[in-house]
């Protein structure tokens, strides 16, 4: 089946984010979305560690250790940026002020449950960070993920088997094969990059529309 | 005359006893009060409960305090990082207790302590392992979990500038947990790059008013503030702890 | 390009419907968005619920809105002042409903709405008339009363400067309720003395980030900011409303 | 009986406030205390409407309508002052960060209950402001009041008949006749300005020590 690259997927997500949106991009692949926001479209990026108006990574020599993103990578501040403390930052999330967040996932259920913080492995060291706050806080919670795991299992599932991050919180799932909307009537294929709905149903084992 | 300034980091951390609960500001290395932590290691207090967003990076700062065996228990949201090997080893060998708290609940619980809120209902974590055993409540059709304040005996925070009243301003994303921790501890100790005369900080821009601060120590200017040379925070190649 | 600025106060308050809940910033006259209130009076919306610390001073601003008969209900902490004759008359003649809230609970309930807190336990008011009928709870040996968020459809706030992203800075004690109200309303409208170019406000000193603001209108410099001539707030002799 | 003036009482209270204290002075008579703080003793005044480091009333021509106190009177800001919003300001109170507040009173009970916001009169327009927050928030809650009402009734009572502001919150009562500490064993006369304990017991109708 046709798959699109991670960069193509990031561009696809970026193109769906309207001008003027307040957006949080999760650690990892979602961070890529920032690189593909259309030229001239103003979108305000939020980072959980206390900034709105986050800019791109600094050019050589401009690294400022007091200016990092949620992944602890060096970033810059745009004109119009504002800093605030952690309680205010998470108040923005919890209070529903972010328009969009984009998160990675281990699993997403057909009812929008998200599992992205723990595989539940016995020896794993748990770490949750801001994932649970983002999952329940943004108006639109987009997941960006490969549809299948490396071993070929669907990350879209009837019911998550991994520990949950949030219940019924995901609104849309962007995968390398297709984009799915979570609706009251189940998963709806919003767009496919080549695969048919039947093929997608087959590899996910889910009823899709 | 009110003068909360102290001459050095050793004086700043004096009196922290064994068994204390100590909040330590910072998100990763940004805003981590490394000089105060080093002084705390030298001071010798042990059996500590630490509240921090993470559980140490590399071998310095909070990681060094952990490595020195001074920490019995840590309350944090994200201990596992690419450079959290000190914590990882302690945790896997059962030599440290962990209370994992979603980051926003951590921040808000600390804020609640400072603001005298007895408890609050948060939507974060509902339906997850981290809310198991907690009291739930449906308000206006949405489910919430009851969260209690996190208080501390001491808070160690890092700020950009301070004055003799203890007023503080921060810098960039190094602000993070400093302001809420400063208000949540019985005794708050701030390290600053620079102590300025009273009145030199713009009253509109003071982020932590001195009422929340007990001791202020200058640790000197960090070189990179002026010349862009990197010290701490992220590694020299700009690769991040994920 | 994001541009939240609007040309005039009439455009700023456009669309506020009858029956709306409107938060209005200010403590007495300090920080009261008088030009927005005047525009709201001209706009005509009625049957309003107003959230403000007070219930109007003299005959201008909020008092004029009340006098125009547009307010069905007011939520506030301190309606009775030496110059609250408009409210006093409406209240005594049964033409306005009052919900009296202790000031700190008012501020925290507004903050809770903006921060997504479902409810919180406050020690304020326990054992008083104002906590009667509310849920109580003992936490760590202290009694608290359960308080719910106060949300609004609109917030009207006054700030010193703003930019096209809606970032705001305030001035002195005119800051008061502006920041928490801006975060608690579906649509927040700010009047500012001056709109400045994006980037002109110090990112360390922005008090209300633009995420909380929908419309910004410049009402022009207030003369006294420069020349000390008094306009609004307290009377010319410096006698205060008590 | 010997009574001291309101100004003398303000001076008495001021002399009891240690250097470095964070203090909120209530509307009305308590505001006078600021005028009697000993020269050179640094005390940081808090005003509920969002400032620490409040200074005295401005001299002629310096009135700034953006700079007022809780009584809506014009004030100034000292070097070291800081502004903050209302939720932060009341968080300072509720969180127990103020060392002292000084409040007026209609009645104070021998167990430290305070009534100072309403006389409960049928036609009165209620107004509470920050009184309830201050009453339960400061480490030391001092009341400054005449011992007797104009009609000669004691404001110190066994049990308040007016609506309460706070329960068991008052720690000390400064009156024109004497100063009382509220203790677990009842009211203790800390200092008298002339009256004997017997005389004070007589006019208050309370057991005093």
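Read from first to last, the chains carry the letters A, B, C and D; within each, the first residue is number 1.
Basically, a residue touches a chain if its C-beta (ideal position, glycine included) is under 8 Å from a C-beta of that chain, and two chains touch if they have at least 3 such contacts.
In this text the structure is predicted, and so the values were computed from the model without any measurement.
Here the chain-to-chain distance from chain A to chain D, counted in touching steps, is 2.
If you average the CA atoms of chain A and of chain C, the two centres end up 36 Å from each other. Distance between chain C and chain D, defined via averaged C-alpha coordinates, is recorded as 27 Å. Contact with two or more other chains is made by residues 108, 111, 115-117, 122-123, 170-172, 204, 207 of chain B. In chain A, the residues touching two or more other chains are 51, 77, 83-84, 87, 90-91, 93-94, 137. The touch graph of these protein chains has some other shape, matching none of line, ring, star or complete. Chains touching one another form the pairs A-B, A-C, B-C, B-D, C-D. Those residues of chain A that touch chain C in the shared complex are 19-20, 22, 40, 42, 44, 46, 51-53, 77, 79-84, 87, 90-98, 137. Within the complex formed with chain C, the residues of chain B that make contact are 108, 112, 115-123, 137, 139-140, 142, 144, 148, 169-172, 202, 204-205, 207.
Within the complex, the chain D residues that touch chain C are 27-28, 47-51, 57-58, 61-69, 71-74, 77, 83-87, 89-91, 93-94, 113, 118, 123-133, 136-137, 163-167. Within the complex formed with chain A, the chain B residues making contact are 27-31, 53, 77-81, 84, 87-88, 91-92, 98, 100-108, 110-111, 122-130, 170-180, 207, 224, 228, 230-234, 238-242.
Against chain A, in their complex, chain C makes its touches with residues 1-2, 111, 113-117, 163-165, 167, 183, 198-199, 201, 203-204, 206, 209-212.
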